[in-house]
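First the structure, which I've put down as structure tokens, then a few questions once you've had a look.
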Amino acid sequence: MKKRPTVGEVLQAKGVSRRGFLKYCATTASILALPPSMIPRIAAAIESARRPSVIWLSFQECTGCTESLTRSASPTVEGLIFDAISLDYHHTLQAASGDQAEAARHAAMEENHGSYLVLVDGSIPLGNPGYSTIAGISNLDMLKETVEGAAAVVAIGSCAAFGGIPGADPNPTGAVAVDELVTDKPVINVPGCPPIPMVMTAVLTQFLTFGQLPELDKHGRPLAFYGQTIHDRCYRRPFYEQGKFAETFDDEGAKAGWCLYKLGCKGPITYNACATAKWNSGTSFPIEGGHPCLGCSEPAFWDKGGFYNPLSTGKFDSGTKLAGAAAAGVAMGVVAAAAGRRRQDKFTREG
Amino acid sequence: MTGPEEVRNTPFYGNVGPLLNEVLHAVDRLLETDEPTTIDLAGLPFGPGELEHLEATLGTGELSCKLDALGTSRIRETAYPGVWWLEHRNPHDEVVGRYIEITRTPEILSSQEADITAGRARLEDQLTT
Amino acid sequence: MTTVDGRHTLDREAERLAYKPPEIRHDKQGDMEDEARINAAMHHFVKNFNTQTASYLDGCLHCGMCADACHYHVRTDDPRYTPIWKIELFKRTYKRQVGPFAFFYRLLGLKRHVTIDDLEEWQHLLYDSCTVCGRCSLVCPMGIDIAGLVSMARHGMFKAGLIPHELHEVAKKSAETGSPLGITPEKFEDRVEWMADEHDVEIPMDVEQADVLAVMSSIEIQKYPQSIAATAKILNAAGETWTFRTDGFEATNFGMLSGNPDWQKVATMKLIDAAIKIGAKMIVLPECGHAYMALRWQGANMYGKPLPFKVMHISEYMADALEKGKIRVKHVPKSVTYHDPCQVSRRGGATKAARVVLDHLGVDFREMQFGGDYNWCCGGGGGVVTITRADGLRRRVFKLKMDQVEKTEADELLSSCANCRQSFDDSQEYFNWDYKMGSLMEMVAENLEEDGS
Amino acid sequence: MDLLEFARGPALQVAAYILVAGTIWRIVGILLLREKPDYSEPRARGGLGAALKVIYSRSFTATPFKPATLYPKMLAYVMHIGLFAVVLLFVPHIMFFEGFLGFSWPGLPNNAIYVLGVASVASAVALLVRRLTSPVLRLISNFDDYFSWFVSTLPLVTGLIIPLRIGFRYEDLLAIHILSVVLLMIWLPFGKLGHTFLVFITRGTTGMVFERRGART
């Protein structure tokens, strides 16, 4: 097994100074949402970390997650991380194809058995294996085979994490999430449609630097990024508290940047880092663009009623059933009154 | 980029005030116990124009440095001594991190042990050749 | 060491004013089995559950504010005197037997069946400590007429044979002789003749045809016979064709007070029959509070259809006659305060009448603080004045009335209810109180302009 | 289905059925009992006008009773006004109602709602303390009183906790809040909270009976 270089060595080879490294560590801490006081520990960890092998599997997906990631693949700090990992299989990005590509996957699996990372985007169809295959291998088989020797699995995007759009009602392919199939390995969910690129790299960075899995929430998401709601970190939150709401997409409130709660914003129940990490190299995030949060990083976000229905609306059936309840009430009332009268008669006869 | 006109017209989201208050407390801590504080602005919510508003409020002080390592970084003391504004950029000149440091000198300004050692080696090489 | 203030000698024989819990004495009438008593109580409880009472019994919030309106609770702080608690058994029976969720209450055993011990315990609460004055009905935020419910709950108690002996005896005498005090028609005639002589006034008796039937309360006939003369003077002065009748003179209704609707009906029907017999257009009721409730508001319901004549309390009659100029009165240069009989004013709606009369008398009228419809009760209504074992409690709550009267500093205290007058006189004697209650009607009678129309 | 979906969906749905059915059941059960005609000659007009008058007038305490009932009345006022304001004027609640009513009305700023909510809870607590300490209330209170207090105060408390985020996540707190409302809706028609609708019947009845007599109502 050939020894992989440490990240420190990679950076040194690129002529990065200690100051530059410190700056890198500071931004890493920032990405990991760790307090600046952690920077020295990060520096020490990163210096000695070794390049892990990464196998990326794409199943029922739209390649949006890869797109999102490659948006940040220019030589940025996140890009450096990718320099530090060895992406041994990714059928969209790699040059090889067909048997060659599969051979590369097998080689990486053998060489790094027990220590490589498997990244999955897309859900796995259980309905019929033919719904989605790669090189003639069904998604389920490929996942099982690849995961067998992995250290951990990262489910990238809401499809891999929760079933996503393929899994939405009525779920024609019988799509399931990765963690429903992989139960004997740690699975980290990085949901989002797509996930924030920085969050994807940060999860890898954390694995890389500390060699351990991050702390996860009840949906298997790293708490560092999915610990707070969009609503909690939203710059429009003060308007929510003041009761200033945009009523339509083109009213004065919308123009003044008021809270989008009434337009169906799912920010209060959506855990993600959009409000602070932002998108497009920190430019903005959907709410800043004037659109309510859709809640894409939450399970079954596609099936939670209309995107534009306010959160606090109940889900009621039509009024017919309520009218039925009212009719039942009348019936019970009549029965109760009749029973009461009979009871009166009974006592007045006896008494 | 957001111009000064827009800064003045920034709608009030109310995120700047509490932060400035935190800076004030950090300055107190620095004076009383010499404990420095770093505030990572990436983790805080800002509305459009608010960051610029914050930067303009803190203003510019006596010292301003430019660091060239993995892209440029600008480090300057604000109008309030002991309160530093740090902005890191990547080689693509995109901002990758913004911090307010409340300290006597930001750590990154000091020459680093490893760099000094490496520099000394280079200097020695130069002398021997 | 104890020092004794020698200026005030100790009177060890005097009855204590401090509250003494009434002695536990559960009176029973008849020799029914307990089971039969319970059944009788149930029978007459459930009989009263109609839409009106059901809404009341279902609506109680248990806010406890009625306690603050009840003189018994205010004076003793005994939580059992909370008005709504007095009808707890009635309420419990409703919920268990007839209410909309009665089935579930029974199924889950949430409301216990009423026991004989319960009924015995509640005798004190439904009789000794409630004058049915209805003050609690006015404070209730839900608008529940608690006093009305007490009257209905008494039906069950009476039929179970579980009411205070004294009240039962009085009611029984009333049913048997036609008068709670045993005033026979002969005795009534006797008293009328005596008063006619004494006061030199013409008093028609047993006239065959008359527009107005005047009736009296036994308390007046017995204790305040001058009322008979006063009534006659006023009706004569107004130029009415009127009469007393030996076959229908008793206005009091102890059947109603004790809780026996059958006896209530007998007493009421006597008056109605007499009035119809003489073709009366009106019955003028005497100065008696509960008589007004019994005939004015419950009479027609006993009769089963609207009454073919009007019913007026004497104070209403006087107010009407004065307003119409049928009688005129001299001015009385005195300051006067007026005690409103609960059943006439608060519960009867005739509050204004007495004030109109007092206005015509030209007195310096001093309304009691929170008087009129919010008046404190005399403490003797609802039959309570007959229950001797409740005397201590009755006198204790009378203190509220005394304060209310004294604050007016009026020369004269008047009322228009012989029952109130009786309990005032009792307490006045007991406390050696300065105020002696007078009668509004007597004051009018004494000050009639002789040359009237 | 997660807890929030359960709360917003089937739980709320079933609670609405029970609320409607139970309310009508109780009202019909009372109104269809035998009625006693009143043949006495009325002194004044009773009828609907009298009922409406007393439905309104009993909202206020008659002067003679003010000193004695001031404390509980004030508490009850604050509790009810706070409750109504929170239920009807909190913007997310308005949207909830708009969801099935189809129209909305202006709300209050959240901070005002928090203040009203806290005042309402504080009054409810004071009323409970009163119930637990006053001999009268201790005697006449039963399970219904305490349980009704619990189910009507719980939604206020769970609602106020949401912005505080004490130990729970927003969607769980929201779900708990909705479930507490569900509990309230289910209990409301059956216990003394039925005064929400019975108050119109009891006050109305008294209005009709006593106005008819010309007596004080």
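Which chain is which? They are A, B, C and D, in the order written, and residues in each are numbered from 1.
Quick note on the criterion: contacts are C-beta pairs under 8 Å (C-beta built on N, C-alpha and C of every residue); 3 or more make two chains touch, one makes a residue touch a chain.
Please read these numbers as outputs of a predicted model, since none were measured by experiment.
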Most central chain, Cα average position: D
Chain pair with the most C-beta contacts: C-D
Whole-Å gap between the CA centroids of chain C and chain D: 37
Separation of chain B from chain D, taking each centre as the mean of its C-alpha atoms, in whole Å: 56
CA centroid of chain B to CA centroid of chain C, Å: 90
Intercentroid distance (Cα basis), chain C paired with chain A, Å: 79
For chain D, residues contacting two or more additional chains: 25-26, 28-34
Multi-chain contact residues (two or more partners), chain A: 332-333, 336-337, 340-341, 344
In chain B, residues with contacts to at least two other chains: none
Contact graph of the chains (line, ring, star, complete, other): other
Pairs of chains satisfying the touch condition: A-B, A-C, A-D, C-D
Touching residues on chain D, where the partner in the complex is chain C: 25-26, 28-41, 43-44, 54, 58-59, 61-65, 68-69, 72-73, 76, 134-142, 144-145, 190, 192, 194-195, 198-199, 201-207, 209-210, 213-217
Touch list for chain D against partner chain A, complex: 2, 4-5, 8-9, 12-13, 16-18, 20-34, 91-93, 95-96, 98-100, 107-112, 165, 169-171, 174, 178
Residue ranges of chain B in contact with chain A within the complex: 11-15, 38, 40, 42-48, 50, 67, 69-70, 73, 88, 90-92, 94-97, 99, 107-108, 112-115, 118
Contact set on chain C toward chain A in their complex: 39-40, 42-47, 49, 54, 97-103, 159
Of chain A, residues touching chain D in the complex: 229, 231-232, 240-243, 245, 261-262, 268-269, 271, 299, 304, 309-317, 321-322, 324-326, 328-330, 332-334, 336-338, 340-341, 344
